[in-house]
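Look for subunit A in each of the two complexes below; its partner is subunit B in the first and subunit C in the second.
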Partner chain A sequence: MPLPAEKASNRISEKINQAMPTAIASDNIGHFIELYEKTKAHSPALPSRLASLQNRAAAHLEAMRFPSRRDEDWKYTSVRRIVSQKWDLGQVAPLNLTQVESAAIEELEDIRFVFVNGQFVPALSTPSSQWPKGLTIKSLAEALEGQDAAWMSAKLEAHAQHDNPFVVMNTAFGQNGWYMEVQKGAIIEKPVHLMMFSTGEAAFVQFPQLWVHAQPGSEFSVMEHYLPKEENTPHFTCAVSCLRLEANARVHHYRLQRESEAAFQINYCEVEQERDSVYSSYATDLGGAIVRNNLNVLLEQSNTETHLNGIYLINGEQHVDNQTFMDHAVPHCNSNELYKGIVTGKARGVFNGKVLVRPDAQKTNAFQQNSTLLLSPDAVMDAKPQLEIFADDVRCSHGATIGQLDESAIFYLRTRGLPLKEARTLLQFAFLGEVTSNMPHEAVRTFVEKLVHDKLYNH
Partner chain B sequence: MLSIKNLHASVEGNEILKGINLEVNPGEVHAIMGPNGSGKSTLANVLAGREEYEVTEGTVLYKGEDLLEMDVDERAHAGVFLAFQYPVEIPGVSMATFLKEAINANRRARGQEELSPVEMLKFIRNKTKLLGMDEQMLKRSLNEGFSGGEKKRNEMLQMALLEPSLAILDETDSGLDIDALRVVADSVNALRSPDRSFIIVTHYQRLLNYIVPDFVHVLFNGRIVKSGGKELALDLEERGYDWIKEENAVAG
Partner chain C sequence: MSESMQTLEEHTSSDYKYGFTTDIETEVFPKGLNEDTIRRLSAKKEEPVWLLEWRLKAYRHWLTMEEPHWPNVKYEPIDYQDIIYYASPKKKPKYNSLDEVDPELLNTFEKLGIPLEEQKVLAGVAVDAVIDSVSVTTTYKEMLAEKGIIFCSFSEAVKEHPELIKKYLGSVVPQTDNFFAALNSAVFSDGSFVYIPKGVRCPIELSTYFRINTANTGQFERTLIVAEEGSYVSYLEGCTAPMRDENQLHAAVVELIALDDAYIKYSTVQNWYPGDAEGRGGIYNFVTKRGLCAGKRSRISWTQVETGSAITWKYPSCILKGDDSIGEFYSVAVTNNRQEADTGTKMIHIGKNTRSTIVSKGISAGRSHNSYRGLVKVGKRAENAHNFSQCDSLLMGDKCGAHTFPYLEVENNTAKVEHEATTSKIGEDQLFYLQQRGLKEEDAINMIVNGYCKEVFQELPMEFAAEAQKLLAISLEGSVG
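Let's look at the complex of A and B:
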C-alpha cells in the first residue's frame, strides 16, 4: 500500500496553517529518517514483508511532524527536548551475570529476557530450553511468518500509518520486537521479566516492541522493567506493545520504570479483550526526565474485567504523563482504574483518563480514580478525567483529587515518636500502598514498595 | 516531673490559656476538670506540642528541661504521651506497622536497640491481650473505621507499649460505656508507679471513681481556679460547674 500523496501534502499544509516552525520540525523528523536509512544500510536483511512495512512506516514518518503543545493530546507534554536531539541506536555493551543477578527481583522466579541498550543478550537470558511449556516466544520477524501473522500485520499496517509519530517510528525501527504466545489453557506461573539495561556514556535511542497473545483460558504475567543507568547521559525509549486476550484469558502486565532522571520514554500500549478475559496493568513510574504513557484498552466482547493501576512518584524536574483510554464498545464489561501519584520539587504530573461508553455498551461498570499529593509549591499536576457515555443503563464514576498530607495525621504520628521525616514518609507510603497492594506477585510488590520507600525517604 | 508557670497560649489570636500554674511530681495523678471551653484540651495539646497553639508567655519544665523548646517527637522520646480526645484515622497504615515504627523510633532515639520482629510481635501481642483487644485489629488501618471505644482502647494500648513517664489523657473517658471506661482505668492503674505521672483531663467525675487522683484542679476561663484532693471531684459532680462560674464571674 503506497503512501497516499494527498495525505502527506495535507499534513504539510496543516503545518503551514498552524504556523509551525516547520524548519525545526522537519529537521527533527529528518534526523530520525537519516538514522533509519543508516540503520537499514548496516542491518541484515529482513523478510521482505517486514522490510516493506517498515519502509512504508518510514515514508509516512517523513511526511509527519512531531506534536507540539498546541495539539490537544500533547497539551501538557512537550517532546521538544526529546526530538531536538540527534540520536543513535544503542550498541550492545558488556554486562555480566553478576550485574544481572544484582538487579534481579529478590524471591521472584522469572523467565528473563535481558536487553542492553535495546539489544537482546541471549547469553544472559533464560535459555529457550527452560521456557515453560505452553509459552512460545519468537522474534517479530519469525512471528510474522506464523499463525498470528494476520493479526500482527493488521496492527503493524495501522501503526505504520498512525497519527502518533512515535508509534510510526517504533514500527519503522522495530527490528527488535518480541512476540509471546500463551497456548490455550496454559497457566504460566513465572512472569516473563524483560530487563532493560542501559549503560555507557553514549546517548542512544531504542525501540522495544512487545507482542502478547493469550489464547483462550490461559494465564500469563509479563513485566517491562526499565533499570537505571549509572551514567547521567540521556537515552530515549520509544516503545510499543500490543496485547490480545482471547476468551477467559488473564494477563498481568507490569511496567516498572525506574530509569535515571536523564532518560526519556514514550510508550504506547494497545490491549484488546475478548469475552470473559481479565487484563490488569500495574504501571510504576519512578524515574525519567520526560515520560509519556499511552494505554488504550479496547473491550471487544462482553463480560470482561480491566484493572488499570498506576503510580507516579516524581521530584526534581521530572515529567510523567499518563494517558489512558478505556473503550467500552460492548455491554456487560467492567473497568476499574486507579492512578495515584506524589509530585514534589518542580516536577509535573499529567493524568488524562478517558472512558468511552459506546451506545451498545449497556450494563457497563466503569470506575476511575486519580489522586495526587502535591507536596511543593512548584510542583504541578494536570488531571483530566473524561467520561463520555452514550449508553443509558450504566454505572460509571470518576474522581480526581489533588491534595496535601494531612497535618493532623503527621502530628498524631509524631506524638508517638516518629520524626517528621518518618511520619511524612509513612503517610506517603500508605497513600501509594493502595495501588501497590493490588500487585498479585508478592515478590514484585515487595520490590516496588522498597523502591517507593527508598525514593520517598531520600526525597 | 512537670512544672508549668504562668502559661499563656493562643489559637489564631484568641488567648485560651491565661496563666496556668501547675506542679506535677513523680508518681502523682492530677485530674483537670472544668466546663467545656475552659481550655482543658488546649493545655493537653500545648504540652504535646501541637503547632496551631502559640505559647505567648510562661514556661514549662519537664524533668528540668524546657519542654516548649522540644519537637513533638522529641517530647515523645523524652517520655511524654498524649492520649487523644479524637484519635486520627490513618488509612493505609496498618496498626502493626504503626506500632512497630513508633516503638522502634522511640528506642532508637533513646539509644536502645530496635526490637527484632519476633520480640516486637510478642511484646505487642502481650499488651493487646491485656487490654482485651482482638489481635485481628493489628491488621486494620490505624483507627480507620474503629468505634469510639476501640479508638480509646487503642490509645491505651499505645500508652502501655510506649511506657511514658508523663501521660496526658485528653477526655479519654468521654462517650465510653462502662466496660470501655474500666479498660481505660485499668490501663492507667496498671501503669501507676512512683516514677510515672498522669494528667487526666476530664469533663466528668465518673472516671475518677476508678482512677483515684492525688489532686483535682478546676480549669475555668484559661486559669486553674480551684485545686483540691479527690473530694473536689465529688463536689463538682454534685454541684456542677455553675458555682465555679459564679465565684469567678465576680473575680473576673
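Let's look at the complex of A and C:
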C-alpha cells in the first residue's frame, strides 16, 4: 500500500505504530482530528447548529479508538489498513458529460446526482426543474432548517456520540449530506441515482451522507452507485445513510458498489419503518479492497415488510463484510433476508446477520438465508447468523451454507455440450440470479446481471 | 412415554427431587486459594512433584487471567477466596466390597436411584461414584482389568499409571486454555480416568455419578479418557446435587483422546440444583469439555441432556485432527424459571475428509434464557470437510428468550458447511389435534416436546434415555399449559 505522502515523519510514525500496537489507535484518530481542523479552517461557515454538532462529534471522536479484531463486532475485519493511512478530503476534479453518460445505466430513466471525489457537480446532475412533483431534495444544512429538523438533529446527536467511530467521523465531516423527502402519497417512478465518481492520482477520503424521508403512502427508489476509479490509487468512503418510512410507504434502496480493488468503504445505514411500510434493500458488492456494510433496520410499528437482498462477488485480495441487524421491536412484522456470494482468489467474505425479536414482538415472521460458494483454495468465508428471541409466538429461522458447485449439475451441463468453464460460470450466475431477480427495476437488474456476468467471465 | 407422564404428575408441586444433604463427616480445607492450598492439596493426595509443579504453573497463569464475561448469562460475581477447595469423606474410603461402605453413603445412592449392589447385577454398568472429591468405590474394576481397561479415580491413576497421566493430562485442554480450565488445573480434586487399550471394545457402559455434597465446596473434577487404536468406549456422566442456597461453582475439565479408529461416546445427563423459582441458589456449571480425534478414522460423540444448574456454560468440542475423523454433538438444553444456559459446541476441522454433525435442541420456559453458541471452523488444509448443524429452539411462555449464535469459519474451498436454525413455539394446530384425540393438554405438550427431542434421546444409551425423558418432564413442570 503506497503511503499518501512520502514524508519522513510518516515513516517514523509507521515505525512507532509497529512497535507499540496500543498507540496505533489514538495516533490514527489523531490523523482524522488533524484533517478535521484543517478542513474547518478552509471551509465556508456552516449554520451554527450543524457546526457545533460537528465539533461535538469531532471531540467525541478524539476520545475514541478504532476497533481492532479483538472487538467482537470487528472480529473478522481489520480496519488497520484503512486508518493507518493519512487521508485528505476529496477535491472536485473535471468530469464531462460523455464520462457520465458512458457510466450511466442503460435504459434507466433516472434523476441523476453526480459526485466527483465526494463533491457534488450540479452541472452534470438533473436540474431541479426536472425533478418530479412530490420530491424535495435539499442539502443537509438546508434540511436542518426545515420541517424534519427534529428527526435529523436527534439522529445526528446520536451519531455524534455513537460507539462506532466511523459513524462519528461521518457526522463530524459530513458537510455534503443530501436530504430527500417524498411527499404524502407521491409515487416517484424514476429512481434517484447517486453516481459517485472518483478520479485522480491523489488518495482521498469522502463522507457521503444520505437522508430519505418517505411520507405516508409514498413510493420511492434510490440508488447509491459507487463507480470504479481508473487510477489504481486508494480512496476511502465512509458513508452513513438514514431512511425513514412512514405508514404505507414503500422504498427500494439499491447500493451498487463496483469500485476499484484499491478502494476502501465503510457504510452504515439505519432504516426506521412505521406501520404497513415496505422497505427493500438490494446491496451488490463487486469491488473494493476492504468493504464493510452495516445495515440496521428498526421496525417501530406493526405490519411492516422488510426485504434485505445482498450479493457479494469477490476475488483477488478483496474483503467484504456484511452486517445486518433486524430489530423486531413490535408485533406482526415480516422480514426476509437473502445474502448470497461467491468468494474466490484470496478473498475473504464475512456475513453477520442478527435478528432480534423483542419481548412484545409476537407474531413475528423472520427469515434469513446466507449462502456462499467458496471456489478457491485460499478463499475464506466467515458467517455468523444470529437469532435473539424474546417472544414466544414467532416463526424465526435462519440458514447458512458454505460450499461448492454441485458436481452433478456441472456434469449435467457438460453432457449437454458445455465446456467446463462455461458450465461453472453458468451455475455461478444462476446462483446469484436468485438475488438479482428480486430487483424490481428491470434496467437495474439487467445492468447488475451484466456486471456479475462480466466479472464471472473475466476471472 | 407414559412413565414420563407419571413422573410429571408426581412432581407437579415438588421441590427439587434430589435436594437432600448426606450427613457424612468430611475433612475440609479452610476457604480460600493460594499456593499453600495447592501444595496442601497435592500433599494430601500424595501426588508426585511434577504434578504439583503442573498445578502451580496453572495457578500462576490463572492469576494473570481475567474472568470472562462474554457469554449471554448473568450471575453474581464469584469470590474465589470464599470457596473450599478440598473436602473428603473422613472415613477411609478404600473398599473391596460394598459391605465396608458407610451405610449412610449407600443410603444416599439409593435415594439417587443408583443402588450399587443392584448395579452390579443389573444394567451392566460399572459405577465410579464420586462423593465430593474422593472416589469412594469403583465397581467392575476387576472385570475390566481382565481386558486391560483402566477405569479408576483420577488420584488413583496418578499413583498407578503416572506415565499415562503425564502423557495425556492437559494435552487437549492445556492448563492455560481458559480462566476456568486454569482454575481447575490448579485445584482439581479428583475425577475419573479411563484407558482403553488397543483393539478393545469396552463391554459395558462406564458411568460416573457426581454429587456435590459439602456446603460451599466447588467441585473441580477432571476426567481423562484415552482410547487407543481401534478401541471403543461409551461413558456416561450423570449429575445430581443437594439443595443449597449459596451458589456453587463447578468448573470441571473433561479431556478425550481418540487414536486411530477409536470411538468415544460421551453422554451426560446434567441435573444439578437449578435454584428456586426466583433464581436463588443453584449451581454454576462452567465446564471445559474437549475431545481430540487424534487418529485416523477416529470418532468422538458428545450427547448431553442439560436440565439442571442455575447457569450452564459449556461447549463440548471436537478437534478433528486425524484424517477421516468424525465429531458429533447432540444436545437438549432445557431452562426453566430463572435458569440460564449458554451452550453449544466447537467443531475444529483440521484433518482431511473430516465430518461433523451438530444437533442442538433448546427449550426455554419461565423467565429463562437459552443460548446456542457454536463454532464450525474448517482449517486451510482440511480438504473435504463436511458439517451439518441444526439448532432448534422451542419457546414456552412469553418471558423467556432463545438465542442462536453460530460462527462458521471456512478457509477451505472443498468444505461443505450447512447450518440451519429455527425458533418457534408449540403449534396450536398440533395441540388441538392431540387434544381432540383425547389427550390432556399437559400430556399433549409433553408428547410434542419429547418428539422434538427424540433425535437427541436416540443417541443416549437406553438407561439414560429413560432418565432423560423423566428429567425433561420434571424440568418443565408448571411451565406447560
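The definition used in the following text is that the second predicted complex is superposed on the first by the 438 of 459 C-alpha atoms of A that agree within 3 Å, B and C clash if a C-alpha of one lies under 4 Å from a C-alpha of the other, contacts with A are read in each partner's own complex, and residues count from 1 in each chain.
By our rule, contacts are C-beta pairs under 8 Å (C-beta built on N, C-alpha and C of every residue); 3 or more make two chains touch, one makes a residue touch a chain.
These numbers were taken from a predicted model, which means no experiment stands behind them.
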Could you classify subunit B and subunit C on subunit A, in the superposed arrangement, as clash or fit?
fit
In the overlaid three-chain picture, which partner chain does A:Asp382 touch, first (subunit B) or second (subunit C), both, or neither?
second
Touching A:Ala430 in the superposition: subunit B (first), subunit C (second), both, neither?
first
Is A:Glu422 touching the first partner subunit B, the second partner subunit C, both, or neither of them?
first
Partner chain in contact with A:Leu46 - subunit B first, subunit C second, else both or neither:
neither
One more residue to check, A:Leu135. First (subunit B), second (subunit C), both or neither?
neither
Going by the touch definition up top, name the partner, subunit B or subunit C, that contacts more of subunit A.
C
Is A:Phe411 touching anything from subunit B or subunit C once the two structures are fitted on A? First, second, both or neither.
first
After the superposition, what is the least C-alpha distance between subunit B and subunit C in whole angstrom?
16
Quick check on the output: what are the common subunit A residues between the subunit B footprint and the subunit C footprint?
none
For the complex, which residues does subunit B have touching subunit A?
48-51, 71-73, 75-77, 81-82, 84, 87-88, 90-93, 97-98, 101-102, 105-106, 109, 141, 158, 162
Interface with subunit A, subunit C side, in the complex: residues 70, 380, 393, 395-425
Which residues, counting only subunit A, touch subunit C once they are in their complex?
72, 359, 362, 372, 374-377, 379-404
In the complex, subunit A residues that touch subunit B
406, 408-409, 411-420, 422-423, 426-427, 429-431, 433-434
